[in-house]
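Each of the next two complexes has subunit A plus one more chain, namely subunit B in the first and subunit C in the second.
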Partner chain A sequence: MKQIDFKFKNINTSTEKKPTLAVVINDVKLLEAEVKTSMSTQFTERSGNNLLQVYFVNKQDSDTITDDQQNIMKDMNFELESVVIDGVDIKELVWGGTYVTAKEKIDSCLFFGPKGHFELQFEMPVLRWTLEQNHLKNGNDPNWQEDYNNYTEAWKRLNQN
Partner chain B sequence: MGNRTMALNKAKELAWAIMVDRGMDFDSCRHKMRGFYSRSRSINDEEMKDHVSRIPAVGDLLYDDNIISRFEKSFAGWIQSNDLNSCSGLENFQPDISQGATQAFDSFYLRHRGRKLRIFAGEYLYHIVVAKQLGIEWSFLDSADQLGEDDALILSIPFCDTGNLDNELDQILRTCEDKGVPVLLDCAYYTISKDIHLDVNFKCIDTVTFSLSKTFPIAHARIGMRYTRPEIQDGQKLHSNINYDNRISAGIGLHFIDRFRSDHVYKKYQSLYKAVTDYLELEPSQTIIFAEGDNEWEQYGRRDILQAYGLDHDQSMYRNRICVTELLENEILTRRMIDETN
Partner chain C sequence: MEKTEPKLDKIRSIAWTLSMASGKRCLDVPGEYVWAYPGSVDKVNMDFDNVRQRYKSIFSSGNSIKDPELIQFIQKINLNKHLLDPWIVEKYEQGWMEWIKRSNGKNYALKNLELFSHACYSQGTQESFLNFYMMNRNKRFRVFKGEYWWHMDIWSKLDYRWSYIEDDDIRDGDICIVSCPFALYGRKHKMLDELIEKCERLGVEILLDFIYLPNSMNKTVDMDLSASCIKQITFSLSKTFPVQCAKIALRLTKHKLSDPMQMSNDENISNRLAAGLGFEIMNNFPLDHMTNKYRDQQSKWCDIMGLEKTNVVHFAYGPHYHKKTNTETNFCSPYNVQDGRYNLGMLYENHKLLERVGLDE
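Moving on to the complex of A and B:
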């Protein structure tokens, strides 16, 4: 089992009702709870591709309060701030996720406003994935693989005995 | 794969294993790896670190009127309590405690501010940075012949770039004597070295400095000793004259020199040092924390330190001085990995 940790911010309510989310990884629901600034759960990893989905479970139209001109006055919403998978903060790679609603898919969206869910593909081991993705994106870390191998070899070596 | 490349790979394996064993995460390991072999710090010896917790209370040190003189008196004897090295003529100098060797450098720059500061290429980089910042005229020299009458020389013994005693030291000092060039001998590494036989009777030597920062894991207490000719008076000496020196540093220093001889570190680690230098095919030096690598070791030389000091010098000016402190202070893991590979 691997740990996944979330940080959320700007958690807003429009009534007494609190926002609730559900965390699903690889089609397995792991957690359903009121949104807090820090949340964690554990999941069974698949080697290679894994799919993270975070559902805004209890959002309804009545949670959005508007004025006569349909300007939003109050709303129940929140934002995803960070994701740490197996101890590795995926940092800006979280922006590779998509927010999916009934009407549209919004790339690079960490805002849970409308009813829908956030989803992000990632690979395990996640450290290797983050290094590779960051280099592919920025082209500034040519030694990532060598350093990753050194690090994992050191781990293996120390844990052999 | 060539033997040298294999040695380099072994060095990488060792470094990564030590860092992972300490519980460092990937990013921290990567960051530390850049300077892993390029530093010059003391061995964080567990036995010595244990003594840190037994240092007398700050209050006791602060109000001990005699602690400075006890430390200064004990220090000379401590320097001589050494089966590996010798230093003759120190009795002709007067001691005063220094905030590391560095304060003595600053005092030397100030007293000789009218002279051109000369250092050999590879010398402690602090001199260059400070000279640039303070607008002190300075330049490298390749040999003693290049010294002029208006120069002042700073020379590390053993030499900072190699960890070895310069074979031409006597010739250098004779030249300085002939030309009236004042000399500061920086002996920061003396107490972690072997086969250093130093005669400080040359009249040109106006300052000899020692430091505990490379010997004991107390570098941040900034404890050094400066020896100057009796006629020399300056700000640092004034502190001594008016009993206004740092008693906490003196107390910490006294605590350590009362318990560990000045050849303790070298003797304790010499067997492991030999195993490490053999394993990594490094050229041993006279200083226990340094060894020299060939060109393949360039990435682990002082590039990182040059960058940290903001110096854009060509790294080929410097030897590939490899600091093995981290390997020595992680003895169990280092020996285990050496044994597994052999």
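Moving on to the complex of A and C:
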């Protein structure tokens, strides 16, 4: 089992109702709970591609309070701040996720406003994936693969002895 | 230098392992390496970026071997008593001179050392350097390429004039600093004798920085200090004993200087804790303690990693093991070009760990 940790921020309510989310990884629901600033769960990894989905479970139209001109006065919403998978903070790669509603798919959206869910594809081992993705994006880490191999080798060496 | 084939894969494995062991807090002799912060009681620094950063700089610093015997000795000293001793700085200064003289002729030979009759406590050699900079601020500073980067960085920040010796002739109005053994490759610089001759002819002063002298061997430092251009020489314990953050150094001059450092010394307000620590170490350990103890270790690790031995017991020389990317800058300073110098200290300190993980052969 691997651990996944989330940080959320700007958790807002419009009534006494609290926002609730559900975490699904590889189609397995792992957690359903009120949104807190820090949340964690564990999942069974698949080698290669994995799919993370975070659902805004209890959002309804009545949670958005508007004035006569349809300006939003109060709303129940929150933002995803960071994701740490198996101890690795995926940092900016979290922006590779998409927020999916009934009407649209919004790229690079960490805001849970409308009813919908956030989804992100990642690969395990996640450290290898983050290094590769960062290099593909920024082109500034040509030695990432060798460094990753050396890092894992050192890890094994110290943990076997 | 001996011809050897560098074993870069082995060097990298050792560097990654030590770097991770530092973060995991499982080194035989824990502690920081400059630019390589370890894990601490509160924090295990094991994340990839942190370990990789340490990996890149693990052999970089010039710092001393963290000799467990010295560490144990230092931890037991009551330093506070020295605060009450108005003579401790003077005793330290005299102790230094006797200490250097006692070993003179063994691993190094400093002829006419007795001409340097004025000793002044220095808060690390950096204090001597700063005073040298200030008192000569209108001159053009000169150093060999590969010299201690701090000089060039400070001069650039202060907008002082400076130039590498290799890039222009020595001229009237210049002033030089040379480390001996030379900081980059742990031997006397091959152009030093020629430089002294030129400076003597032109009346250009040279400060000789002997910070690595106590760890030097094979008489790589064998020189006559009588040349009138050599007016001041500096020594330090920082690169020999694990006291680098205590700033224990000394300046010797042929004539008494009148500068801020000397004024503090004359006022008797120099750091008595540091002077006391230095005094205790010098009274209990010979100057060549590290060379006696670790000479064989240097040979062993140079063989394992395929590096060239230098004449400083904790240094080896070879190609850099880390491939720098285009955007990567030098550690700590753009003037730090000491990539080919390997500090072997942490290998000596952590030989049991390296043996346990099969990296000692």
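Rule of thumb we're sticking to: the second predicted complex is superposed on the first by the 160 of 161 C-alpha atoms of A that agree within 3 Å, B and C clash if a C-alpha of one lies under 4 Å from a C-alpha of the other, contacts with A are read in each partner's own complex, and residues count from 1 in each chain.
Heads up, the rule we're going with is that contacts are C-beta pairs under 8 Å (C-beta built on N, C-alpha and C of every residue); 3 or more make two chains touch, one makes a residue touch a chain.
None of these values were measured; they are calculated from a predicted model.
After superposition onto subunit A, partners subunit B and subunit C are found to clash with each other. Using the contact criterion defined above for the overlaid structures, shared-chain residue A:Glu153 touches subunit B and also reaches subunit C. In the superposition on chain A, contact is made by A:Asn140 with subunit C only, not with subunit B. Contact with neither subunit B nor subunit C is seen for A:Gln60 once the two complexes are overlaid on the shared chain. Once the two complexes are overlaid on the shared chain, A:Gln69 sits clear of subunit B and of subunit C alike.
Comparing subunit B with subunit C, more residues of subunit A are touched by C.
In the superposed model, A:Leu127 lies in contact with both subunit B and subunit C.
On subunit A, the surface touched by subunit B in one complex and the surface touched by subunit C in the other have residues 87-88, 127, 147-148, 150-151, 153-155, 157-158, 161 in common. Residues of subunit A that touch subunit C in their complex: 87-89, 127, 131, 140-143, 147-148, 150-151, 153-155, 157-158, 161. Of all residues in subunit A, only 87-88, 127, 147-148, 150-151, 153-155, 157-158, 161 touch subunit B in the complex they form.
Residues 12-13, 16-17, 19-21, 25-26, 29-30, 33, 336-337 of subunit B are the ones that touch subunit A when the two sit in their complex. Within the complex formed with subunit A, the residues of subunit C that make contact are 12-13, 16-17, 19-21, 24, 26, 47-48, 51-52, 55, 323, 325, 327, 356-359.
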